[in-house]
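You will see chain A twice below: alongside chain B first, and alongside chain C after that.
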Partner chain A sequence: MAGEARVVAALGRRSVRQAFRRPQFLAPIIVFPTLFLAVNTGGAGRAVDLPQFPPVHGFLDFQLAGAMLQSTMLAGVSAAIALALDIQIGFVDRLVAAPIARASFVLGRLVATGVLGLISGLWFLTIGLIFGAHIAAGVAGFVVVLVLVTLNAIAWGTIGAALALNTGSPSVAQGVFPIVFVILFLSSAFFPEGLLLEPAKTIANWNPMSLIADGLRDPIISDLSLDKTLEGLAGIAIVASIGAILCARGVNKKLRSA
Partner chain B sequence: MTTTGMAFELRSTWALIRRALNEIARVPAAVIPAVLAPTIFMCGLAAVFGSLTLLPGFTTDKYLTFILPVGFLQGAGFTGAATGVNLARDIELGWFDRLLASPAPRGVLLAGTVLSASMRVLMPITLLMVVGLSLGVSWPGLDGLVIAVLMASAFAATAACYGVILALKFKTQAAAPLMQAGMFVAVLFTTAYAPQELLTGWLQHVAKYNPVTQILEAVRQGFVGDVTWADTWPGLLALAGLAAVVVILAMRGLRRAGD
Partner chain C sequence: MAAIEVRGLERRYSDEVLAVAGIDLEVSEGEIYAFLGPNGAGKTTTVRMLVTLLQPTGGTARVAGFDVVREAPSVRRSIGVALQEAALDPLMTGRELMRLQGTLHGLPSDEGRRRGDALLERVGLSLAADRRVGTYSGGMRRRLDLATALVHDPTVLFLDEPTTGLDPVSRIAIWDEVRRLNDDGTTVFLTTQYLEEADHLADRVGIIDNGKMAAEGTPGELKSQVGIAHLEVVIAAGESAKAGEILERFGVPMPARDGRLMVGLPRGAADVAPIVRALDEAGCAVEALELVQPTLDDVFVEKTGRHLEGAADQQHPEQQPAVEEPVSG
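So, the complex of A and B:
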């Protein structure tokens, strides 16, 4: 068990280093969500004057959850590209042939995605605080946000791993980037659900990403509420369940072909 | 220059453009996301921020109409960045060295590369127009549409020059995020989301001095009102200025690449 944990940790470390060495992997997790956060905040900041907008200290406070969601979802897609590249160059085949647990290469990747999610959470909360955002629920809220962001990154890591294992193609994984934005736009990630236009409003009501967005946002704009945190966890559980099922299918497919 | 020399240069330029356009048919999977992305952003941003038109001072009551021209420039910017990434790939594979060793002048190599971007951008903007009009975007008038398409095409060539500068500087596809981020900033740090008066904080100042704001306003004019010379010339001037700077820098990079 300890040996397997060491293997997973080593593979996780490799994946995190890979992300920091290649700007293509890090840019979607940090650079683009930060730029998008800046544009959304400056461009749509007057939205807080709309009568139906919920009471917030500032539009930046409201947008932070969306930026963290975008970052962690893209971390999942970046993980998919990296894993697909590992499959293409034969690295995964060598791991499958090695005397280690078969799922180690997936678990290592998930650990790395979780670490990148945590880094992303710390990054956005820090720049949020620097540029005037408030964490209404204080230190406890800060910790809850970090936990939710990390878990969301792992959940999207399972989706990314499933994508890589089932297609084995970095270009297909790359092509998923626009879909991430579709999923985000059709949720309450960037704007209150009540102010979205139809049909986005109706879809957002059913989109599990709205649960996660609201769960992440709650400690930033109001006092900590167990209901919202549990809703966020439920949303993450839905994504992780779908990812885990598809991932298990992908691992079996990979093992059969190895 | 002799007529034969001129004809050779035009043929060489056209050959490079055709090679770039061939990639669309050969690797459609690499092109589809770039074609779809501006339309996805247009529909997504309109659905998310559509209620902003309820704010007093907003210049249109349909956000989709306001945001569609942003898609034009976004499509142009990302097509230009993709041109830079493709050149970086050609440099990595050694294909570009062979072009440098060929008798084609440096200007032809640059023209062939960047003009392909101004043609490729017609795909995302056609999709944008079809989707936009079917969702109720106001018809910009023939003059408004011609100005919007020509300016988007020219902006794509300008963005491609920027991509070429970075590709020649870094010589690796790893520079792709820098090319895309540059275009992201250029296009969205403008009046993309709201009129100048409704922007907040730092963006209000940045958008005022960002030359792409003038280009965006010129592209947008037919969609939100009448086409006027007063709204057109600042865009043309900004585009010419930007193009002059990036062409000079790209030519300098090309001359150094051959040393």
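So, the complex of A and C:
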């Protein structure tokens, strides 16, 4: 068990290093969501005056959750591309031919995605605070946001790993980028659910990303609420469960056809 | 105990595609066994089954005493694997990769570091150890791949086309390292499409074609199955008849072509010097003379009815022009 933990940690370190050494893996996690946050906040700041908009200190406070969700979802897609590249160059074969548990190479990638999610959370909360956002729930809220962001990154890492294992193609994984935006816009990540038009409103109501967005946003715009945090965790659990099932199928497929 | 024991091994991808069609082979401990065949013959599929990356659809295989299906983890602990594509992460440094490989094989950190550094030194990559693998040449990558396969001191080493695409100098460096490893007691199973590689390195050669074993034996045994060495001589005009009589004293005349005389030599190269002396004493002017040994390509042609793909690109080491200049006249 300790041996496998050491393997997972070593593979996680390798994946984090890989992200920092290949800018195209890091850019979608930090640069794109930051630019999106800047443009969105600067251009649509008056949205907070709309009648059904929840009470917030500023539009930036509201948008931070969306930026962090976007960042962690893209971290999952980047993980998919990185894992698909590993499959393509045969690096996964090196791992499969070693005496380690089959799940270790996926778990190592998930650990790395979690670390990148944590970095993303720290980045967005820091720039948020610098540019005038408030964390209404204080230090405890700050910690809850970081935990949820990290777990969400891991959940999307499972989706990414499933994508890579089932397709083995970096270009297919890359093609998923636009879908991230569709999923996010059809949730409460960037706008309150009550302000969305049908059918987007109904879809957002069923979209687990809305649960996660609300859970992430809650400590930023109001006092900590256990219900909202649990809702966020439930949303993450739904994503992670889908990812884990597809991932297990992908690992079996990879091992059968390797 | 055989290091590798294969019985009726088969891999079927679909009803139409039978990549490996029930092969048998046995590799003794301490042997270098070359698996020779053209692209698509089934070499890599066989290796992938033996290293537990692919499940056989029929037959059995034991490596280092363990069944590749039922005891796959024990097989993985016993073997070193360097696959065809040199599966190295271009963003890692050589040293990082060696340490990771040590961790994958359960070596404690200190031991992994020590063994990694020693192996980098052994394959001549110490100076490049902290450079990213993406900056390495093809030969350096192959040597690093070989070093990673050795980090846990495996008893059986699998090398899938270890020198494909390498320049001659890098190829020889890999061969030297493989020989050293074998001298240290490691059993080596290598696939290759290079006749020269199989001939120079291997104790025994298995020829695979269309997923089936076409022939197996030592390079000498295989070559002896397809005939004896022969001498091709080009004689100055008007002296062929006299030269032919002399050649007949040394061996069996063979059908000549392009004005050449050919004679089969039961004693091989040992007959060349006496023949040259006899021709010289008889006043026959020899314009060119070439000793031609049977090659593994001849074996391949004999067994499969066609040449090994790419064989023409290689210099056949056995075909040594014994004399380039006229030796008499």
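A few notes on this one:
Everything that follows uses one rule, which is that the second predicted complex is superposed on the first by the 258 of 258 C-alpha atoms of A that agree within 3 Å, B and C clash if a C-alpha of one lies under 4 Å from a C-alpha of the other, contacts with A are read in each partner's own complex, and residues count from 1 in each chain.
We adopt the following convention: a residue touches a chain if its C-beta (ideal position, glycine included) is under 8 Å from a C-beta of that chain, and two chains touch if they have at least 3 such contacts.
These numbers were taken from a predicted model, which means no experiment stands behind them.
When the two complexes are overlaid on their common chain A, residue A:Ala10 makes contact with chain C while staying clear of chain B. In the superposition on chain A, contact of A:Leu95 is made with chain C only, not with chain B. Residue contacts after overlaying the shared chain place A:Pro178 against chain B, while chain C stays out of touching range. Looking at the shared chain after the overlay, A:Ala200 reaches chain B, while chain C stays out of its contact range. Of the two partners chain B and chain C, more chain A residues are in touch with B. By the touch criterion stated above, A:Ala27 is placed in contact with chain B alone, chain C being left untouched. Within chain A, the residues touching chain B in one complex and chain C in the other are 22. The touching residues of chain A, when paired with chain C in their complex, are 3, 6-7, 10-11, 14, 17-18, 21-22, 86, 89-91, 93-100, 256, 258.
Residues 29-30, 32-33, 36-37, 40-41, 43-52, 54-55, 63, 173-178, 180-181, 184-185, 188-189, 192-194, 198-204, 206 of chain B are the ones that touch chain A when the two sit in their complex.
For chain C in complex with chain A, the residues that touch the partner chain are 48, 51-55, 73, 76-77, 79, 81, 83-92, 96, 99-101, 103-106, 132, 148.
Across the complex, chain B is touched by residues 22-24, 26-28, 31-32, 35, 38-47, 49-50, 52, 59, 171-172, 174-175, 177-178, 181-182, 184-186, 190-191, 195-197, 199-200 of chain A.
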